[in-house]
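Can you keep this structure in mind? I'll have questions shortly.
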Amino acid sequence: MSSAETSDALVISSDPLHPANLIPELCRSFYKLGWVTGTGGGICIRVGDKVFIAPSGVQKERIEPIHIFVLPYPQVAPSPHTDRVFLRRPAMNLKESACTPLFWNSFDLRNAGSCIHTHSQHAVMATLLWDGPVFTISHQEMIKGVRIAGTGAALSYLDTLELPIIENTPNEEDLKDSMAEAMVKYPNAAGVLVRRHGVYVWGTDWEKAKTQTECLDYLFEIGVKMKLAGVPTVLN
Amino acid sequence: MSSAETSDALVISSDPLHPANLIPELCRSFYKLGWVTGTGGGICIRVGDKVFIAPSGVQKERIEPIHIFVLPYPQVAPSPHTDRVFLRRPAMNLKESACTPLFWNSFDLRNAGSCIHTHSQHAVMATLLWDGPVFTISHQEMIKGVRIAGTGAALSYLDTLELPIIENTPNEEDLKDSMAEAMVKYPNAAGVLVRRHGVYVWGTDWEKAKTQTECLDYLFEIGVKMKLAGVPTVLN
Amino acid sequence: MSSAETSDALVISSDPLHPANLIPELCRSFYKLGWVTGTGGGICIRVGDKVFIAPSGVQKERIEPIHIFVLPYPQVAPSPHTDRVFLRRPAMNLKESACTPLFWNSFDLRNAGSCIHTHSQHAVMATLLWDGPVFTISHQEMIKGVRIAGTGAALSYLDTLELPIIENTPNEEDLKDSMAEAMVKYPNAAGVLVRRHGVYVWGTDWEKAKTQTECLDYLFEIGVKMKLAGVPTVLN
Amino acid sequence: MSSAETSDALVISSDPLHPANLIPELCRSFYKLGWVTGTGGGICIRVGDKVFIAPSGVQKERIEPIHIFVLPYPQVAPSPHTDRVFLRRPAMNLKESACTPLFWNSFDLRNAGSCIHTHSQHAVMATLLWDGPVFTISHQEMIKGVRIAGTGAALSYLDTLELPIIENTPNEEDLKDSMAEAMVKYPNAAGVLVRRHGVYVWGTDWEKAKTQTECLDYLFEIGVKMKLAGVPTVLN
């Protein structure tokens, strides 16, 4: 690792809206929502050609700016012959989030500026009660807070929200291809559910990724409540 | 926009009870209650001839006083020929809350000093399990925290609480007429539920609007629990 | 009101454990637990011959020390011919908590040093699912956190917890006699449930009142969950 | 008690990661999760030959560093003829946590560096709905956050998580032998559930004990939800 790579310059800022400050703050907030307990889940932020990503396997509510990785964008996926490229790595024994290739899908396929991954139980319960390949719900005001493809125009109250559900894999990285396939097959979806695991949601920036994750999590939660109460979740 | 309109004088105050300070604080608190996630919901405060309103489509838990709109009261509803009038607008690319015409109903029809809109799941579940035009519950202590018409005397424990439920519309503004009709038809109701959407609650001031919203949200929540448990929600 | 009665000396202290500081702090904490929303519920603390009580009908999470009433103990119950006696009243248009006569029961009949009243939905749901005159649960570790009569020795894991349930009345003050009767009839109970309303719990001091309220609220919550899941709540 | 034993030197530190600072901070956080209400539950931390333990029967969210006990490790279990040995005791009328012998099991049998005990309702409900001697769940991403034996390698998504359930006893100390037996019988388990009581979870350090407790609590919660919704909790 070069000394440049361990420099703190890319992650130390007095601006509370700097990605390296936002990621720790948002992760603390997500922890309180039950989205990132037990080291799971997280958020990445891309600003132009720089991607800010949290470490893997750490308590997400205790991340500090100096723990943040910075990667150049674009770059080809790492392979047996090529390593992932970094602009900055923490000077500790840390590894970048295992979600990195999944976050990359949102950049490559949707030009997203931020992607959030949660282990919310509402998302997981939705994948258990909707046992097919897609979660659907209609006629809920919160649908209006979700955008077409996550980065387009807002959905209407009259639109039926559809979110693909992919099957989980033992290694998080191995979700990359099936997530990409689902994004191609469901070009209007603002996220991808992973059965028995959680959800990925993206947006053009961190605000839109966060508010859409909130709307979708709300829809998973109320969808599950409705289904358990015997209320239809899609109206014709 | 005139320079007067962008002045901060109407929204900058060292008094924590100034409406432009209260709205951000209360929205942070409402966010923790799950009432205003995903940019939805909010609160407006009217002090005499001035109405303080938050922007539309922003994270409600991150509003700052400088984001607040100030409107003169009374004023006629905007039409294709007349624009809404402002005393102060944020010097940013923001739009006033889409709830503005609904909040106005509470001023015009009830002389309210504050109106709260939530997307609480308890409210939405209540509108799904009470599928007629009104939510009713009786014999709950928290009914005593709700006032006749939202601005009158407190209800008694022996009163049956009734809250009209109106049908949702694709555009929030289009709820104005049906909400007003419901307020005329149910003159004693302290709020109006919107099916698959949320609730509007008002009071003579922000304290009474807030505490009544808390009482009603409690009643929606326990009403839903009772109904799902097979316990009657209205006693004779 | 004499000037002595409006003096702040009895409620202003730099000691965070002074009752006039504790009551606001604890009420903020109870608000987060859903025990005192909508102005309902609260806590009183008695230190020897002085009783500290919050006002009625105010937002409990926003109480300040200067809002606290101080009453001498003992004193006879107010009647048409005698008023309640105060050592200190807030210099505002406030009334002492409507729970005052109920709190007094805990002092007179149990020599309690603190009494807590909540509108917790777990308590209310327990009074709906246990439709007789008593809530019972056995074989739960948290029973050990409750004391005989609220002020005696701790219950054992092998004891069945019994808490009387009285019927609600339109005026909170009118619960005084039926609460006292229940306390006589169930001399070992650490609290009294009020159907469709909430619970009163007391202890020798504020810590023991608070921790017992936590244990009982836990038992109401898990008792309701067990009953809804078809799990017996009392073992032989 | 010698003066050395009441010295504050072992528990006063400006390092926020010192065990005597961490225990109070973590207990406040656990309180918000509902794990340690009513004085129940807690966490101990062992650093080499020193064990830091909270007092018994106190409000866990209000512990201060000066309340912490420090014990030498290893030491033989106290008996009618030998007392427990301390390096430091609070200069107050406090007793060490009743969980001490249970925490000791995790040190002696797993070489743990930290052990957490919660009264989480999710744990208790799991022991009621899994009425045999073991809680099992499979095919949940959060299983990957749990380690073999609590201190070994991480489980795979394809592993079925198994946690033994022992029967509760009136005195917490009396769980020592049955907990130790369960740890021998289930050598891969990262914790032990206690029916109608809660759970013990350990790890090589406080971070791993905490994140594993979060993962297990998540699995108890979603397992209970799945069972109540009729969804199988173990797949073949």
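Per-chain numbering from 1; labels A, B, C and D assigned in written order.
Everything that follows uses one rule, which is that contacts are C-beta pairs under 8 Å (C-beta built on N, C-alpha and C of every residue); 3 or more make two chains touch, one makes a residue touch a chain.
The UniProt protein names, listed by chain, are A, B, C, D = Methylthioribulose-1-phosphate dehydratase.
Source: prediction; values computed, not measured.
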* To do: State the chain with the largest centre-to-centre distance from subunit A, centres being mean CA positions.
  => C
* Could you put a whole-Å number on the gap between the CA centroids of subunit A and subunit C? => 45
* Whole-Å gap separating subunit A and subunit D, where each centre is the average of the chain's CA atoms -> 32
* To do: Could you list which residues of subunit A touch at least two other chains?
  => none
* **Chain-to-chain touches, reported pairwise for every pair that qualifies** => A-B, A-D, B-C, C-D
* Going by the contact rule at the top, pick out the subunit C residues touching subunit B in the complex. => 37-40, 59, 119, 121, 124-125, 128-129, 168-170, 194, 196-198, 228
* Structure fact -> subunit A partner, complex, touching residues on subunit D are 139-142, 145, 156-158, 207, 210-212, 214-215, 217-218, 221-222, 225-226, 229, 231
